[in-house]
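Presented sequentially are two complexes of chain A, the first with chain B as partner and the second with chain C.
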Partner chain A sequence: MSSLAVKDRPGRLRKEPSGGRSPRRWPGWLTGWAFVFPAVALFAVMGAYTIGSGLALSFAKWNGFTPTWNWVGVQNYLDLLYADPVLAPELRRAGWNTLQVMIAVPLLTVVISLPLAVALNSVRRLRGVLRSVYFLPYVTTGVAIYFAWRYVLEPDGAINTLLRSLGLGTLSQPQGFLGNPSTALPTLILVLVWSSVPVATLLYLSGLQAIDPHLFEAAQIDGAAPRHVLRRVIWPLLRPITAVIVLLGVRDTLHGFQIFLVMTNGGPGGHTDALALMAYRLSFFKGLAQTLGLASALGWLLFAGAVLLTLVNARMLRRVQ
Partner chain B sequence: MTARRVVRAVVFVALFVYALISLYPFLWMISGAFKGRSEILEGGFLPRAFTLDTLTQTWGRLHFFDYFLNSLKVTGLTVLGVLVVYSLASYAFAVLDFPGRRILFWFFVALLFVPGITMLLPVVILEKQLGVLGTHIGLVLPFVNGTAPLTVLLLTNAYGSIPRELREAARSDGASEVRIFWSVYLPLARPAHVTVAVLTAVPTWNEYVLTRVSISDPSRYTLPLGLESLISSEVPRYNEVMAASLIIVIPVIVLFLFLQRYFVNGLVGAIKG
Partner chain C sequence: MGSVRKRALGAAVALVVGVVVAGCGGGAEEQQGGEQTLKMWTFKKSHADALNKVAAQFKSETGITVSVEAVTPDDVFVSKVQSAAQTGGLPDVLEVHAGGEDLEMGASGLLQDLQGDVDATWKQRLLPTTQESGVMTQQRIDDAASDSPFKSTKAGQRFSVGFTAGAFGIVYANKDKLQAAGLDPNTPPKTWEEFLAALKATTGKDSQQGGLSLGLKVSQTGYNWVYQPLAHAYLGKDRFHALFAKGAAQGFASPDGVKTLDVFSRLTPYWMPGSTTLGIDEADIAFAQGKSAFDVGGTFTLAFLAQNGLTPDKVLTFPIPPSADGVNKEISMSPLALTGLGVTATTKNRAAAVKWLDWLTSPKGAGAVAKESLDLPATDLGADAESLLGADLAALQKYFTGPPESAYDAADVSFFPSDYDQVKPGDLMVRLSPLQEVSPQQAGTELDKIMGSMWKATE
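For the complex of A and B:
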């Protein structure tokens, strides 16, 4: 980013040859604006306008079909937070689920990917192949892979069969892992961890490779046990990376809901509902009910939450560095 | 010495176990795609009556060839749009000087924190008014706009790391700004462009949420919508679902295997930058 600080006006460093007709005779800023114009224009239509109209809509009631909006002030926000007897509990439950996911996924991701990266860094043979294999869940994440998970998690699916054949039949789920209210959310969390381990492992691996190998040698000469090296040397040096991984995980759970939509659609009985999924439902699946303003308001609450968490996280990041 | 051997063995076993976990759903996807309609209901992993019929039928009779072409079109246009629009903008952010440069740059990066769901409904409403809702262009425009933060970050970093002496040399030879951009910066930053292309192509190829709420005409379905139409039938035939999933996943895996280092560099670079 250092380049942004460089100050040199085009044309100042070198005396222009006389009699120029080239475009560099233009004032510099005009060229700059010409280059950013397409991006700004696209954003003006697809971003600024939509953000503005979305914000306005959050203060109105509308069903998407009537010609006018009914302005209701902050009523949508109040309804969502506590006033409405149906929506407020729904929001609280979805919020609780989202919170659980937000805490569990980054935590488990770190717990799995750090040892994995350390192990991967310690082997020479097969490292490249294993790294590619570990990375597959990231590149393919999406509808297709979620359906594959649904298939293996079915009542007669591969995971139940596997558990029974290992003599762990008590752990198998006759209703399927996604059909049982008490296992559905933990199952989704594990699938989310599965798809976020690749990037975390990759980041840790690149962090480990940047650590001076002399540090390990020095520690070994001093007679430090491997677990001490891990705790006293590696972990502190990787803390900034951990902070980034946690930040990404938190952001992804707040933003992403595709997995909830595809794998359970909030079910069974709302046990895997998430905030973004609730906004999606209010946006597109309420027919003629006037829920679009509510959907927008919920979207803005999510945005506020994302900004807040980012600030908190950035603060923690600064402290550990 | 033996203790060390044991540790190494444990490490290898752990690494292989996680490799198996990574591959687990893919293995079942492949197994399911090569099973027939009756065998899919049984539990076994290896198909007893190995058949290509499921794949060929999904590709042909279930119109997955058409969906494939639609996906290719949407992904291709999105990648093209992203490269054109944001390479120009990032060039301006990295090397040109104009009022509003810093503010605009940080503004584009800050968009990373706007949740997709906050934008989704207004985009759909706007596109309805503009009459592009349900068309492929109606998908491409918000997709391009959505990649702005990451792309601007990556490309501005890439252009910024090119020595400015090159630019000054080209200028003194009388090259115009467009010429410098085209003949100096674009070729030198080619790896960054490939990275941006793959990091755009993969999520676009997999995109499902906006596509689902905007496309209603089955002839415009992309692959994820085609897949979804298979599973929403009352009794999903999982062999067809897995065949369709395989059709979606294979191009991405091939792309990944050939361009692996661009994925890796891009992610590490984007997060550290």
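For the complex of A and C:
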């Protein structure tokens, strides 16, 4: 390889004959393109084409089968936002639910994972075992675990049984925690928090280990209590990581629909409907009606929301650094 | 160095060519030694198993090999067909939902017109109410939105042939629980009020496991399987249709509509705990496991219950009973085609595919499939029904007949808006019962708004 490199270098200094590439050099040029072609093609098809096609589809009506699309301009966006008397209220309700989840999940994740990371960072014995235990939900999370949670939360599930056996029957839910409109969404939020805490804890742990231990010692010498160390030293230094955790939580909430689909399907009575679930439903559960364009438009609205939140997050990051 | 470069170039070109060839290879026709091979997709696993079994018999008679693949659940089936339609990878035959999906696919150019193949003799084999399933009507075309693919079709085009048939709104009762509650396990309730009294007795005996199970996680089940037949019997056909009419002069918020919603909402105390969190199959399984005394499903539910350990001799079946205060004092469920068979537009084996459809809808083929799948066929099996389906499944057919005015025909969609979507009224019905978030009057007003917006979408 090195001889090839050395041999080629002088060639670069030679002046190219007018009229284009040397006939002797084009195979090399072609070789390069042949190697990068799969990657370029993959990006062109899976990236550029898909994005462009999705954007175009958001301005059309299509059921996924007809050879042609019916162009409707921005009507899909208008229908979603206010024009359609059925879709617009559905979007607002799903948006309100999504907003609640978007705020609650990152907030609770930070509130739980930061103290947990600090505690795990300070323990000396069984540190590895404890970290594994707390990381377990992330390893096992997914569709299967949502089904498991459903069994735990149903009327005769483990949580109701436990509450009744502890004499706390008044806290049990006769219709199950997912069957009661007032507990369904909070329950989904808690399951989402349960699955997001491990990664957040891991990020905080890595951040804690990067902090100079002398800072802690200095604070302790100055008489700072542990809560003051957490508030005045650790929290400011970990703020960039907090911003990342919040952004990840917001992103997951905006795009994730599996938990809503598997655990409640948006029910009971639409009380846990979310924007991503609505997009999924518009795509595949409309009896072949021409709603793929609406689904795409909703996807782009979510994308716009995600970009906006990313910009806000980037601004926050710049401010704290 | 030149040879190295050539080898590298050769490898890169071979890789690219290989990728391209592999990418284009999926849709290749399988023809081995002149033997015809058909591919078929269905969205029902039980049907795929049964069809693959009977395919051997079909091959021995015709020499045509058929390979059937189940693509489940429904949303995955739809997305796979969508993808295959774009990439030219459709199979030769599709089993699709009858009554809408078949017409959508046909109108979109995915299924061929079988009008010339399905002649009068072929149609005569089918149950009377399933003979025109899969056929585009002028009313469907007229009612469709201006940009609907239906507008490009012609009345009379046939995009599928009825394959399986049945009816929704069949109640299953656990005989042991009826007996334990002091009820006669062999006498079905004749009226809605008697049904509610039976529910009161079973939930009185066992409040946790004596109720009614239904997969309300799929919210339209309560609306479609219970409310609609109940309201149809209560109001009679014309006033029932008026509930959905454009303008809602006699809509759901009218005294008629509110009364029917009120009658339906009397179920509220008797739902099985957690019924809003259960899917359709999960509710059936809960019933089979003894977690409820009653279950609402369709004729197809009996086989599923048997698969889950509740044998037909342990259940009492009856259609949703009519209210004593209503117009119709009896109710019968017109059997509708639940699924249909279509030949894809891209098949290169049209003749063989039509032959396969012909065989499957013949008494012989339909009987063989029915025996394997325990699903009622759209083909009239006549006197062989009991021997092929078993006495219990065949007995369900007695609910298919009754006075014409009392027959509830779920396949009649002529009075709905063309973009009718059951999920929205279904959600509202769940909020009425069991959630009790809206009163019958409020539910009626909301339902009128929903219907109004669907009519608006067709303009």
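Structural remarks
Here is the rule we use: the second predicted complex is superposed on the first by the 284 of 321 C-alpha atoms of A that agree within 3 Å, B and C clash if a C-alpha of one lies under 4 Å from a C-alpha of the other, contacts with A are read in each partner's own complex, and residues count from 1 in each chain.
One rule holds for everything that comes next: a contact is a pair of C-beta atoms (placed from the backbone, for glycine too) under 8 Å apart; a residue touches a chain by one contact, two chains touch by 3 or more.
Please read these numbers as outputs of a predicted model, since none were measured by experiment.
By the touch criterion defined above, A:123 lies against chain B but remains apart from chain C after alignment on the C-alpha atoms of chain A.
In the superposed pair of complexes, A:167 makes contact with neither chain B nor chain C. In the superposition on chain A, contact of A:28 is made with both chain B and chain C.
Of the two partner chains placed by the overlay, neither chain B nor chain C lies in contact with A:73.
Shared-chain residue A:63: touches chain C; no touch with chain B. Of the two partner chains placed by the overlay, chain B and chain C both lie in contact with A:38. Of the two partner chains placed around the shared chain by superposition, neither chain B nor chain C is touched by A:213. Residue contacts after overlaying the shared chain place A:223 against neither chain B nor chain C. Touching more residues of chain A than its counterpart among chain B and chain C is B.
Residues 3-4, 7, 28, 30-31, 35, 38, 64, 150, 154, 156, 283-284 of chain A touch chain B in one complex and chain C in the other.
Per the touch definition, chain C reaches chain A in the complex via residues 1, 4-6, 8-9, 12-13, 15-16, 19, 75, 78-79, 81-82, 85, 100-101, 104-105, 107-110, 147-149, 208, 216-219, 273-277, 279, 419, 421, 423-424, 427-428, 430-431, 434-435, 437, 449-450, 452-454, 456-457.
Of all the residues in chain B, the ones that touch chain A in their complex are 7-8, 11-12, 14-15, 18-19, 21-26, 28-29, 32, 41, 43, 45, 84-86, 88-89, 91-99, 101-102, 104-105, 108, 111, 113-126, 141-142, 144-145, 148, 152, 156-157, 159-161, 164, 168, 171-172, 174, 176-178, 181, 202-203, 205-209, 213, 223-224, 227-228, 231, 238, 241-242, 244-246, 248-249, 252-253, 255-257, 260, 263-264, 267-268, 271, 273. Those residues of chain A whose C-beta lies close enough to touch chain B in the complex are 1-4, 6-10, 13-14, 22-24, 28-33, 35-36, 38-40, 42-43, 45-47, 49-51, 53-54, 57, 64, 112, 115-116, 119-120, 122-123, 126, 130, 132-137, 139-145, 147-152, 154, 156, 158, 161, 194, 198-199, 202-203, 206, 226, 244, 248, 251, 254-258, 261-262, 276, 279-280, 283-284, 292, 295-296, 299-300, 302-303, 306-307, 310. Per the touch definition, chain A reaches chain C in the complex via residues 3-4, 7, 27-28, 30-31, 34-35, 37-38, 61, 63-67, 70, 84-86, 90, 150, 154-156, 174-176, 178-179, 181, 264-265, 267-270, 281, 283-290.
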